[in-house]
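Across the two complexes that follow, chain A remains constant while its partner is chain B and subsequently chain C.
Showing the complex of A and B:
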């Protein structure tokens, strides 16, 4: 704006005199914006550093204070007792059970769906089938939880009856299995599509049927992409919070069967944050640290697999 | 067709495999329509005018304050995240030189950020914005937390969009004597706009549906909040209602509004993205 003002007011001579200044202003703008872009680019680094710093600085001393073994392997979570005990082993086991259940439910269906979408699906149909699968990823977890609460929980309760209230590992596994479907389908099918067509044609030329070619050639060739999708799904499942809280029962004890309720690491944080103070609050942060470490390991594994694929 | 049947007869396992993949697809698609259909059919009858009254009280369980809070939350979070994300992508695509170490770190950290579950963001937000910066449970604390959460999404989609702009555009612009900044804002950004927009719309969808990151950063007060006041978004409103168990019908009506909004946003995002790929042709 300033530049054009000067240009409009000035005579030809003045404009010539000002010209170098205009050039400088321009240069100044360029370098200022260059710095702005650079700083914006650093925000994600700063954010990760801050998150790690706050989590670990607050969480690690707490774990040391409670005792590493007592915290990680203790089976008693009684934060409000006069002599409180903070053992999160049941929650770790709960998270692992629920995640494993989700994988057992979600991976076979997801993988077979991906095979169909990548290799069997007519193009016309693909256009209609893919959007619903993608939209499955867009449904908020709170809505999933609500759906689980009013549909899956009563079904489990009616089918298995007895003392179970329907809030169980099984319920959580089924719902989480549904929630990870879009992740698995999306990534696996693009991995399968990326396999060179010549592999498939070669298998056909050797007399394999279409299905056999897909099973024995395409799927093995796409295995790192498929594995990456499963790992990403594990990350999703272990970090899922709101849907789990509404359907998993949340009892902090070691489950005896898949019809028992469990509490996951994520649920532990949300359930007790509202009234936790002092060491209790710190213990919840430490629970978050354990979850965070799980996630970082999963990310590391994911990066290792995808970067290997690129090579 | 009969030839196909003959092949299948000779190879029954192939037929079996083909059938189970079809079953899997039908299950996946059916699950989607069942969830959406069930939530909508169950909730729509309870969408009464009293749910949209201006003030929330325990009798009407109105979602109006929550809706407005959601708009505020989306606005503020995007105001922070959109420029940062777009600028970061501009740096990555237009400024950074190949083999730049910083770029490697930015990539690594954005990937890490996109893998962190929302409850960890909530914990961090509670420790940093709420307690350390003493913003208390507030709209701003929630919005900042969400801004960090959606940052990788915006960075990635903007990056893709910028990369898809042909280099000849840039060369032409430089050739005509335009500076770098001018080239970016006048030449590169306009054709990349639909890609960037689709990323931002996806981010809006995530913000609208988010609960775990907000519960201990923005709090759960059912009023229309100012910047430093606590307020609950629609998703959080729904969680509180269904958690109390007193207003299940109102909760299911809220679920309809939430679900339809988020699905429309997602559909819109892919529509806008499709426009981009068509424009390329």
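Showing the complex of A and C:
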């Protein structure tokens, strides 16, 4: 309806004023398709709006009931005590620690791989190396979880010991670091490949070596794309659930070291949702709201950076 | 005047395709040499083989000798050293997405100059040489991509000059520019020719007559005729040259 209205207004001024509009099957088909496209676009927008509304409507009153400070900054998560306390600060910290760890592990490896893939890898080798990296993105997170449990946890346990007995921030960081690699490698290397060849030629013509041209011209020119890949990776890391539950230990307490177990916001929801009732149940939804706000902020940052690139 | 580039029996192949056939050419010091000819005749290819930009193209094979001051550039000179001595200005301005200052200073920095005072001096001199100092002295720290197309091309020339090359190769430097910017670039070439040897590829024959001392006419990968610009455009000795410059083909 809206589409046809706009169309009518558009033509009313110019052509329609001179020629009376005739019924035309072709035109009708076009307006119908216009409506179809519009409705399709609406589906995802409506979904976002509904999810936002659901989260905030269900979550915010709970946060108010528990008390904003008690909820966000409380360090005690005892939902089943006779006087329950719902402080999710340990889980916020847990998510931040694990995500930061994943960035520390994943970003350097990912960026160096991306530089190699984009500018140093021989074409023949590229054909063989890129598909496995892309495949990393398609592996289900439960499989990552198994891998972490069977391979990384024992290694960490044997090397460091620690209270978590292998299920720790360190383990989760390593595994998440691997999980975000395809995002970083894929996006960064295509950003670098999108840098005009003329920049590269310009640098070489001034006497720069291949390495210097890549490091001082191509990487800076691809800066915003690279940054965007890192931010997207942060989003992926903070939202990861399944793999994390299997290897992070899940203790709802403030960790003392990176060898301690930790519970993330996502893990908190999944672990207790099946038996939670009443305020406990609502507190888990409120935990989701906090996670949602994190993701929204990351997305805003992502949009700010990518739109700056287009300008 | 002394011979700067001495090219003998040069053949160049892209895979199976022979792009240059038995090229013999002497480019003299402090002269402007123009390469003219229809598209695909090999003039840009020859230009690019003078600073070895053709090395980037897969399947490109070169035989014959290219000597710069008597030294073979494909055998006896480090490639970065060659490109320091033989600068290049491309068809489309290709300034880096950084400030004007950093663009001009890129070459000197590449060759190891780090002192700020020295870089400042090089930047100013190069911009003055390219007659663009007055237009951009107040915005050195601003992005170079914010300038107009003509200014960008002159900044590219300034960037090439900042490395203090002996020779500057120009690959149709004005083909993407408006007439006024074109005139500015041509005047600039005239100004700097006392200090530099310039080789310019151009589709614009008036441009060749206006600025060059020598002209080489290319056709199908061969040099048909190479002589003073005056002779080429007034009394060429080859019929094919005459046909081309009078617009009968090409």
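FYI, the second predicted complex is superposed on the first by the 270 of 311 C-alpha atoms of A that agree within 3 Å, B and C clash if a C-alpha of one lies under 4 Å from a C-alpha of the other, contacts with A are read in each partner's own complex, and residues count from 1 in each chain.
Quick note on the criterion: a contact is a pair of C-beta atoms (placed from the backbone, for glycine too) under 8 Å apart; a residue touches a chain by one contact, two chains touch by 3 or more.
What you are looking at is a predicted structure, and each value in this text was computed from that prediction instead of being measured.
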### Fit or clash - chain C, chain B, common chain A
fit
### Query
Which of the two partners, first being chain B and second being chain C, lies in contact with A:202: first, second, both, or neither?
second
### Query
Which partner does A:238 reach: the first (chain B), the second (chain C), both, or neither?
first
### Partner chain(s) touched by A:216 [first = chain B, second = chain C, both, neither]
second
### Query
Is the number of chain A residues in contact higher for chain B or for chain C?
B
### Task
Give one of first, second, both or neither to describe whether A:178 is in contact with chain B, with chain C, with both, or with none.
first
### Query
If you stack the two complexes on chain A, which partner ends up touching A:51: first (chain B), second (chain C), both, or neither?
first
### Query
Between chain B (first) and chain C (second), which, if any, makes contact with A:105: first, second, both or neither?
neither
### Query
So after superposition, what is the minimum Cα distance from chain B to chain C, given in Å?
8
### Query
Which parts of chain A are touched by chain B and by chain C alike?
209, 212
### Task
In the complex, go through chain B and note every residue touching chain A.
7-8, 11, 13-15, 17-18, 20-25, 27-29, 31-33, 35-36, 38-39, 42, 83-85, 87-88, 90-92, 94-96, 102, 105-106, 108-113, 115-124, 126-128, 132, 148, 151-152, 155, 179-181, 205, 208-212, 215-216, 235, 238-239, 242-243, 248, 251-252, 255, 258-259, 262-263, 265-267, 270
### Query
If you look only at chain C, which of its residues touch chain A in the complex?
51, 53, 56, 80-81, 83-84, 87-88, 90, 92, 94-98, 106-107, 110-111, 156, 159-160, 163
### chain B contact footprint on chain A (complex, rising order)
26, 29-30, 33-34, 36-38, 40-45, 47-48, 50-51, 54-55, 58, 108-113, 115-117, 120-121, 129, 131-147, 149-151, 178, 181, 185, 209-212, 214-215, 232, 235-236, 238-242, 246, 266, 269-270, 273-274, 284-285, 288, 291-292, 295-296, 298-299, 302-303
### Task
Would you tell me which residues of chain A are touching chain C in their complex?
196, 198-199, 201-209, 212, 216-217, 220-221
